[in-house]
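You will see two complexes here that share chain A, one where it goes with chain B and one where it goes with chain C.
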Partner chain A sequence: MSIQAAQLPAKAALDGRGRAVAVGLRRVLGPDYRMGMLFVAPILLLVLALVAYPFGYAVYLSMTRKYVGLPPVWVGFDNYVKLTWDGFFQRAVVNSFIFTFGSVGVKLVLGMAMALVLTSQIRWRGFWTGVLLIPWVAPTVVSALNFLWIFDYSLGVLNYLLVRVFRLLPQGIGWLSEPGTAMASVIGVNIWRGFPFFGISFLAGMKAIPGELYEAAAVDGATALQRFRHVTVPGIKNILIIVVLLSTIWTFNDFQIVYILTKGGPGGATQVLPVFTYEIAFGAQRLGEAIAVALYMLPALAAVIIVLARYMRRGRRS
Partner chain B sequence: MSKSAIARLQGAVSYAFLLGLLLVVIFPFYWMTVTSLKSEDQMRSLVSMFWPSPFVVDNYRHLLQKTDFVAWFGNSVFVAVSSTVLATAIGTIGAYSLARLRFLGRGFMASATLITYLVPPSILFIPLYAQIRNLGLADSLTGLIAAYPSFTVPFVTWLLMGYFESIPVELEESAMIDGATRFGAFWRVVLPLSAPGVLAAGLYAFTQSWNEFLYALVFITDVKLRTLPVGLSSFITGDVYGWGFLMAGAVLTTLPVIAAYIYLQKYMVEGLTAGGVKG
Partner chain C sequence: MDNRLRDLSEQLAAGLIARREFLRKAAVVTGGTAAGLGVLRTMAGAQAKPKLRVWLFKSFVTAGNDVLAKHIETWGQERKVDVELDWATFGDREQKFVAAIEAGNPPDVAEMNLYGPMRYKPALRDVSKVATEIAKAKGGLLPFAEKATKVDGKFLGVPRYAMITVFYIRKDIMEAKGLKPPKLYDPDVVEFAKKTQDAAKDLWGFGQTLNRSDDGDGFMQNILWSYGGGPWDKDGKPALATSNREANLKALQFAVDTIKKHKIQPPGVMGWTDVSNNEAYMAGKLVTTNNGASLYYAMVAKKHELAAKTLLTLTPGGPAGSLVGGSCYNWGIFSKSKHAELGEDLIRWLEDETRFTEYMNASVGQAGPVYKGRADHPYWKSDPNFEAILQNILRSVMPGHPGPMTPAAVEVQAQKTLTDMAGRVVTAGLSPEAALKEAHGRVEEIYKIRRG
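Showing the complex of A and B:
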């Protein structure tokens, strides 16, 4: 083999015993173990120090009563049990699911429409794609602040448009201050930011579907809808699943948009788990309980992550 | 309807849809720019709503002279650039190792990296804060530079693993037959070929670090040490909204990212699709 041939001179330089050890190590640790492990060591260090250890510590803290500045007191599953019956927590869970599924559902539909239109006979495809992707690259905090200003009750441009320009409403709406519209508004902003990711990913998937499949379907007399159902959807199935699961994780854990727009208000109407966690940790200073809030959904999250990781690795191999 | 009429109708619907989407996407940016150039009086009186009259730069002057914006901008540049360089270096060699080299524990590390990429910050921010404080890095920019690779490195690694796997292994083999070492083959053959991928990965790491909010909000208490996202959002205090200079700050915070994006759009679009999924 060529690789071994290239390494022969280096081997010859070793004395007999050293060579035997080197060969043994290679057999156990793999042929490229020295450079391989050296190159991957920083990642290992990083994952251990910044993810695995803090995560383990979090699981421990969630089973304690811990106030800032005081040592933790072991309480077992108390925090989780208490949360289960806590009305504020229950509300945050329900809100998180509404926020997540509302956003992901619309993003899926919009993204699909965007990808379908961009794969059809259209001019300036690069321009459309480039511009539509901007919300995804722009800083989320900036976008959230923009919308906070757009939604403003007295000076905001949305009420101005609806009341004065199009005369659709007799008077403005407090988009973020009324319980009836606050959730829809924060969901809208999340959709605005996230749909381009769906669109661009589906677009990449659709481009990879061989054109002959569509031609064959057309020859067989398939309608546009049938071609979509039986050629496009199966062709991007993997990507579809990956994108939906990724976005579900990201949306469920989105902190910035809700924190900036409503801080969970009015009266808890948009309280979602990440913001609730933050407020208990840094408002109420109850760290143990806050981490229990963050980790409560861990079994579900872990299940999603495992399924998603499997799909992502499969997508790579094919 | 005839076939050509249907096709024309389809075309019209497509363009109308794209145009509508474009307006919704662009409007907030247009609105922030217009607002940043309006005078306080104009904003309050709702006249000439969609165009500044008169054009004023007072908001920018106020932002740069009367607030800590310049310091925050510097902090953001320092944190984003440092952590991006760090993350791209670690991620590049790590990805090469996981994509190409054969050694014990490679499969495990590849899975660990991917899973780390998927674990959301909202679960980690409290214990990570405790960890950063243990290291004596609380309330310092170094703490952020140390923490950001926890999400940028897994992303860069995952993206570049795909990139390296797509480069034919024969190129390295022939370089090694010609006498190059493993490292030489990586450094002189694989890395130059992967430059666009490394660039895209680095750009994403930069954007993610530049935009990061939660860790910066939690780790930093000193006003002077804030990064842009946290600094900007701190302009909203109670009912006193300085929308003019807040929007001026928003414009200046968005510019670097959008400029990089416009300039390097091709790489970033490719990188984005490779990061989550691959066609």
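Showing the complex of A and C:
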């Protein structure tokens, strides 16, 4: 038998295996999977280049000792272990949770109130909707700088109003100079800026609830509170969850308000993770550790993101 | 199509030349044209202006910024160089440098602060030749400037000017009370402040934040030194809660007492940023404060009524003397620059005495001397308030004092470790001992990391 003749069965076997793989792929991915892959390839490449690669590189850098201008040195999980026992990091984690949940909780209440007021029959509803959206539309830096002036002990308008105009206090309050008031102030500004997003989202959800449901509930003798609890809340449940989760992620990562108002002070009382990350990255110029700080809370945020994604998909299906 | 090629194709079509001849001649014409274009491109390239990217520090003294920009533009026109100017402020310069260095795209030349040579050492070019040449022509460098710009025996920055903190006093109030400028913080400043302040009118004797800020950190650094302490010993090892513990405790206690016990500071002082004391002073709410010359510049430039009522004096001291943290703005050339010679030429141009004098005059005391020759300039006698600026500069010390200026010393300052320490006592209720111990732990950690 010639060599060529001997190769024929092997080639046939290979062809057979290739066909089987193709059939398998067709079965799993659909008959036109090649065309599908062609369409998906550009976006896949973009995601790899713009999301996966930077993220992977960040994870790698967080496991290195990386100083500005010098090549990274692999240290494994050292940065994470060190952070776990670092008192300043621990305080930043606690502050981040206080800041986030304090803000989101109040934004939820205010946003709901805003939506309820704007769904009722009030005059100039469009005007009020526009006015209430101003904090959300204004650039955060501008708002924060304005609040820096508003909160100033000697020259700020808030103390001026409280002490001189309304005479509610014998002397001003150091809004940004005491740990309690400083945290309350940064939370307050975050609430001021963020509640219109809650309000406008809830408003959209409420408008989609059929009026007949309210009429039926009223016929059954439901009070306003009962109508809110049994009609409104179930009607906007998905929106409510999505908005709360989104706001939790945004607030947790909010940098500008805290940095401009307090820079994490006084004495670290308002030090939150994004500001801590910034301090380590640009103050200490230890980039590996800074990225480790940023990624440390990723599992917690990832859980929030997974829940959020699930709700969004459910919302789309329904 | 080229006319020669068209002729050739017509000759070929008419059968006047063979195809082989057509191909040969066409190749010569095309090749010649391509070569000619290449030569033209090279010539054009040779005539194109080189481009120099220059980053400047945008200080609060805007007139000085304008003069500097004008000098650089004139240099660009004279040398036929395209200059791309960009500015970095107090708030964003570190981010800009870090981002540019990590992206491999730093500027050619940059105006850096005193930390620059130490922090960006891996990305900077050795500028010893030009730095030595300029220093020699100006009578030599003042010691603090050499310490700030010379790293491991090489100059990584060419010194330009020193910006320093001085003590601001409301002269009118002082004279009305028959007082003299305080020499020591304790008890002079405390007594001075108590005698001059009027809390009911929101007028406070002393305004000095201990919050995270350059001003706050500078004050804490100075007060520790002036009490004989500081974060470092003379070998550059951490000493906050070890060999310098007693002196540091006294200094920290004094700083905290200005707020908690003596109540000579405005109630909101722990929330202040770097500009807050400037604003409060100009609003007439402070009798004394520590600040750089930018506050004096602002008052003079705006013809503010307090400009004439302000006395600038040496920073008050403590039991170990009066020590002041210095600064040294300097020019760096990045090693990635393809125009290092142009960069050096620009630095020589800007440090020319006529040009620097114009810049100094516009800066109202902010552009202090870093060269011995400039310290003798008559400008420093032109305003009585400049004497304090000059003398504070001449006696200034660098981070790490009394030891060497190290990367760890720079990082301790950059991380606001000392203001955090004071803040923990004032706002979190920690005892000075506990805050000192906590801060020492941070200094130790930074020392270990930076030494490794």
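Keep this in mind: the second predicted complex is superposed on the first by the 270 of 318 C-alpha atoms of A that agree within 3 Å, B and C clash if a C-alpha of one lies under 4 Å from a C-alpha of the other, contacts with A are read in each partner's own complex, and residues count from 1 in each chain.
Criterion: contacts are C-beta pairs under 8 Å (C-beta built on N, C-alpha and C of every residue); 3 or more make two chains touch, one makes a residue touch a chain.
Just so it is clear, the model here is predicted, and its values are computed rather than measured.
Q: Once chain A of both complexes is superposed, is A:Ile305 in touch with chain B (first), chain C (second), both, or neither?
A: first
Q: Examine A:Ala281 and indicate which partner it touches, taking first as chain B and second as chain C; both and neither are also allowed.
A: A:Ala281: touches chain B and chain C.
Q: According to the stated criteria, A:Leu70 is in contact with first (chain B), second (chain C), both, or neither; which is it?
A: second
Q: Quick one: is A:Tyr296 in contact with chain B, with chain C, with both, or with neither? Answer first, second, both or neither.
A: A:Tyr296: touches no partner chain.
Q: Per the contact definition in the header, classify A:Ile200: touching chain B only (first), chain C only (second), both, or neither.
A: A:Ile200 sits against chain B, while chain C stays out of touch.
Q: Could you look at A:Pro266 and tell me whether it touches chain B, chain C, both or neither (first, second, both, neither)?
A: In the superposed model, A:Pro266 contacts chain C only, not chain B.
Q: With both complexes overlaid on chain A, does A:Leu148 touch chain B (first), chain C (second), both or neither?
A: It touches chain B and chain C both.
Q: Contact-wise, after the overlay, does A:Ile239 reach chain B, chain C, both or neither (first, second, both, neither)?
A: It touches chain B, and chain C stays clear.
Q: Any idea whether chain B or chain C touches more of chain A?
A: B
Q: Between chain B (first) and chain C (second), which does A:Pro179 come into contact with in this model arrangement: first, second, both, or neither?
A: In the superposed model, A:Pro179 contacts chain C only, not chain B.
Q: Considering each complex separately, which residues of chain A are in contact with chain B in the first and with chain C in the second?
A: Common interface on chain A, chain B vs chain C: 148, 152, 155, 281-282, 287.
Q: Touching residues of chain C toward chain A in the complex: what are they?
A: 94-95, 97-98, 101-102, 119-123, 202, 211-213, 266-273, 276, 279-280, 283, 285, 411, 414-416, 419-420, 422-428, 438, 442, 446, 449
Q: For chain A, which residues count as touching chain B in their complex?
A: These residues of chain A touch chain B: 2-3, 5-6, 28-33, 35-40, 42-44, 46-47, 49-51, 53-55, 57-58, 61, 110, 113-114, 117-118, 120-122, 128-143, 145-150, 152, 155, 157, 160, 164, 192, 196-197, 200-201, 203-205, 207-208, 238-239, 242-243, 246, 249-250, 252-253, 255-256, 260, 273-274, 277-278, 281-282, 287, 290-291, 294-295, 298, 301, 305, 308-309, 312-313, 315-316.
Q: Show which residues of chain B lie in contact with chain A when the two form their complex.
A: Spelled out, the residues of chain B in touch with chain A are 10-11, 14-15, 17-18, 21-22, 24-26, 28-29, 31-32, 35, 43-44, 46, 49, 90-91, 93-94, 96-98, 100-106, 109-116, 118-128, 130-131, 146-147, 149-150, 153-154, 157-158, 161-162, 165, 173-174, 176-177, 179-180, 182-183, 207, 210-211, 213-214, 218, 228-230, 232-233, 236, 241, 243, 246-247, 250, 253-254, 257-258, 261-262, 265, 268-269, 272-273, 276-279.
Q: Sort out for me which residues of chain A touch chain C in the complex.
A: Checking each residue of chain A against chain C gives 67-70, 87-88, 148, 151-155, 171-172, 174-179, 182, 262-269, 279, 281-287.
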